[in-house]
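What follows is chain A paired twice: with chain B in the first complex and chain C in the second.
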Partner chain A sequence: MNGLWKPLAPVLACCGLLLAWQFASLGLKNDSFPTALDSLRAIPPILTDKESLINILASLRRMAIGFALALAFSIPLGLLMGRSRSTAAFFNPLLMLIYPVPKAALMPIIMLWLGVGDVSKTLVIFLGVSLPVIYHSFEGAKAVEEKMLWSGAAMGLSPPERLLRIVLPAALPEILTGCRTGLVLALITMVTSEMIARQSGAGNILFNALDMGQYDTVFAMIIIIGAMGICLDAAFEIVRRWLVRWSEPQFDMPLSFS
Partner chain B sequence: MTRTSNDILLGAAPIVLVLLLWQALVSFGYAPPTLLPPPGQVFLRMGQQLSSVTFQQDIAATLFRLFAGFAIAVVLGVSLGIAAAVSPPVNAAVKPIVRVLAPLPKVALYPAFLLLLGFGHESKIMLVAADALFPILLSTYYGATTVEQKLIWSALAAGTPPRDVLWKVVLPAAMPSILTGCRIGLVISCIVVFLAEMITSTDGLGHVLVTAARTFQAVDMFVPLITISLLGLILNALLQGLRAYLLRGFPSV
Partner chain C sequence: MGVTPIRPGQLAGVPLGRRAATPIIEIDHVSQVFKTSSRRDHTALSDISLTVGEGAFVSILGPSGCGKSTLLYIVGGFVSPTSGTAKMKGKPITGPGTDRGPVFQEFALFPWKSVLGNVMYGPLQQGMKPAKAAALARTLLAMVGLTGFEKFYPKELSGGMKQRVALARTLAYGPEVLLMDEPFGALDAHTRTRLQNDLLDIWERDRKTVLFVTHSVEEAVFLSDKVVMMSRSPGRIREVIDIDLPRPRRRDELLLDPRYQKYIVEIERMFDASGDNELPS
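On to the complex of A and B.
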């Protein structure tokens, strides 16, 4: 029972949310709030239209490139910061300063410099993903047990080897938490950057439909982007489980006191 | 003591370096001032703007939306998180919904909020609340589920009525985790309120940036960005102060 119930629960939740939407829109009778069914019906025309499909795939490609570049840059930096006090002291204040800056808001400025093409959008996604990944890698590397490093050193591992073979695996669960946040942020920055640069991509379709008053397309795009987020997150969760299968399972039990 | 002052020096170095590089790019002519205005000009303009009434009103509008959305997120997130940790039926209902909604990019929902709630404060507050809710909810839940059961049993054994256990044991024990969630939520609120104002707004810092971008006023584009970054830092420092006060009884957190 429990085993069957678990994978079904999110699906049921999706259905429940769609049902709630359906009733809400039927109850509100608002022209600009189509029913869930109408919006779902608007999805196939978008996905079979060649141009919008190319747009959506281009968005995904930019996101993948930005995300991969950010991981390649941020994880080593975060690990180094976690293991060396002076590196951490060097970078921390700068990172703290830029953390609350909305990265997609840099889009207008970056567009001035690099144009509206792929480069500026990928750069913005890169910036958006980097900070949480750096932060979590830093926290993860800081929490590595000193004893493991000492034993590694005693067995003759050089400092770079220790970083790769002890710190990286030990910090991996924490790093992956950062990557998960980064993934969600990558989607958010992707949508917003395309909405600001209005040239191509999923965000462009969404906000153009809003401007033109095609409300069922708006809601259909919301479902598509939402589904993208949920699928990417689920795929990431599978990768994460596999990568950290050695670590203790997460504690997850309701408390009892009544 | 010298260690901390060294750290401050080291930390100031990259900021100074960035400023120097910025100035050098402009003064050696690698970047035209219309694209990258010199830092001096930007900070001068910022001083002017900060003392102007319209800019102060923009800041006030942004802050109002930020706090309203953040407050809703904290209240909802903490109560739902605790409820899900304490009661299995609530947990069964909330968990799948959260699993579906948490990874959804909330910015995509913004058009829906616009259509439903109008172009005023409400849609922006709603977006901020929706975005800040999940980190707070998840860390509250995590904090509350990792409360040691022994603590609860001792409280019960000492005669605390089960109703009070929630206030006297679970909530305080989950506090560090809740505050971490709030901190993430606060940064996200800063980011999201700005984005929402950039998309559609007639006031607020995001609107200032968009207006400047449309008229290619590079200087005015930097000012709201630096302002929101400073606001984020100040709010973060305030939250750290609150944390230090609330957690004064805890061993170093």
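On to the complex of A and C.
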């Protein structure tokens, strides 16, 4: 029973949601709230339209570049901050200032300086992803057991080698937790940036459709973006589990009550 | 130094004097004061002086919290003393080095490496070919009784198994001096005896110097040339006792040896008399 139930559960949850949507929309009879069926029917035309596909791919490309750059910058910085007091003392106040600012709120200024093109949007994604990754890398590096570093030192590892070959792997579970949060934030900032700088992208399709009152397309896009998020997150989770398989005992489902 | 009797089928015990000929570690008036979180000074070691001869097996005995680990960290170069100096082969110790191999009380294995990967780590770092390092690691793992566990990760091992991996990992890169912090603390009596014998074999064969922290009087007497007794008042050396027993030592023979028993009783009495043997209050 349990074995059969587990893979089916998320599918059933989705079906339940769609059913509820369908009935709610039928009941409300509101123009701006199309039925689930209509919205689902609007998906294939989007995905077969060359223009839309180019837009969506452009979004994904910006997101990938912003995300990758953010990791390349934030992980080393976070690890350094975690192991060096002076680095932490220097960067902590800066980060505390940037932290509460919604990154999308910076978009107008960035657009003013860098235009409405890829650079601005990628930069916003970069900023959105950086903070959680820096924070988790920092915490992970700080928590590395000192005796492990001492063992490395006794084996002849230099300080930079220790950072790369002991602090990085030891902090990896924590770093990847930050990356997972970062990935979701990348998707959010991606859509937000396209909402503000309307020029191309998945967010652009969505808001153009909204302007033109094509509500089924709006909802179809929401489903597409949501599905992208779920797929990316699931794929990342597979990679993450594989990378830290040495870490904690595996829980199949943290929320299961079995 | 008394003359050690020669028993049939056994060489004369190695005289201590020869082993202790050249000093390899010199600890000179070392004190260690920690600043606690409540900003008070806490003396962990006060005015420790100790010389360890090349090739000697020296045990450090003392109640919990008397500064045994701290002393090892200073010799390892992981902690620099508040005052005084520690020297290795005449040179002041300024940091860790591959000539001194620690086995930590907390194991400190690399959790992302398999058992084999942990033991190979040091040799690989020193530029050994992977195949050769793996072979060496397997030999050492066999010695500590962990054949068949090569692919396990540290999280999948028991405390005693981790302890044995830590020992093999340190032995693998061949440090001249072993700094062992209660390395057999988590082992059952049988495994413990076996590893004690293996350690003595390695020590004899490779002419290593061992600084060995333990809580067990019996273990200290069995293994050592010298037993350093520390007390928590705070962190001082109370007494240094030369253990003048023949080598190679065998537990079954020693258990019948009145001299062996006398050392044990003597040391235990000293601890009892000081009333310093209890857990920290």
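Simple rule for what comes next: the second predicted complex is superposed on the first by the 245 of 258 C-alpha atoms of A that agree within 3 Å, B and C clash if a C-alpha of one lies under 4 Å from a C-alpha of the other, contacts with A are read in each partner's own complex, and residues count from 1 in each chain.
Note that contacts are C-beta pairs under 8 Å (C-beta built on N, C-alpha and C of every residue); 3 or more make two chains touch, one makes a residue touch a chain.
Because the structure is a prediction, the values reported are computed rather than measured.
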item	value
Combined model on chain A: chain C and chain B, fit or clash	fit
Contacts of A:191 with chain B and chain C, given as first, second, both or neither	first
First, second, both or neither for A:23, with chain B first and chain C second	neither
After the two structures are overlaid on chain A, angle v-u-w for chain B, chain A, chain C in degrees (C-alpha centres, nearest 10)	90
First (chain B), second (chain C), both or neither touched by A:147	second
Partner, of chain C and chain B, that touches more residues belonging to chain A	B
Partner chain(s) touched by A:229 [first = chain B, second = chain C, both, neither]	first
Lowest C-alpha to C-alpha distance for chain C against chain B (Å)	10
Overlapping contact positions on chain A, where the chain C interface meets the chain B interface	none
Of all residues in chain A, those that touch chain C in their complex	145, 147-148, 150-151, 153-157, 166, 169-170, 172, 244, 246-249
Footprint of chain A on chain C - complex, ascending	73, 76, 78, 95-98, 100-102, 104, 106, 108-114, 121-122, 125-126, 153-155, 169-170, 173, 175
Of chain B, residues touching chain A in the complex	6-7, 10-15, 18, 35-36, 84-88, 91-92, 95-97, 99-109, 111-112, 114-116, 144-147, 149, 152, 156, 162, 165-166, 170, 187, 190-192, 194-195, 198-199, 206, 209-210, 212-213, 216, 218, 221-222, 225, 228-229, 231-233, 236
Residues of chain A defined as touching chain B within the complex	9-10, 12-14, 16-17, 30, 32-33, 85-86, 89-94, 96-106, 108-109, 112-113, 183-184, 187-188, 191-192, 195-196, 203, 206-207, 210, 215, 218-219, 221-222, 225-226, 229-230, 232-234, 251-258
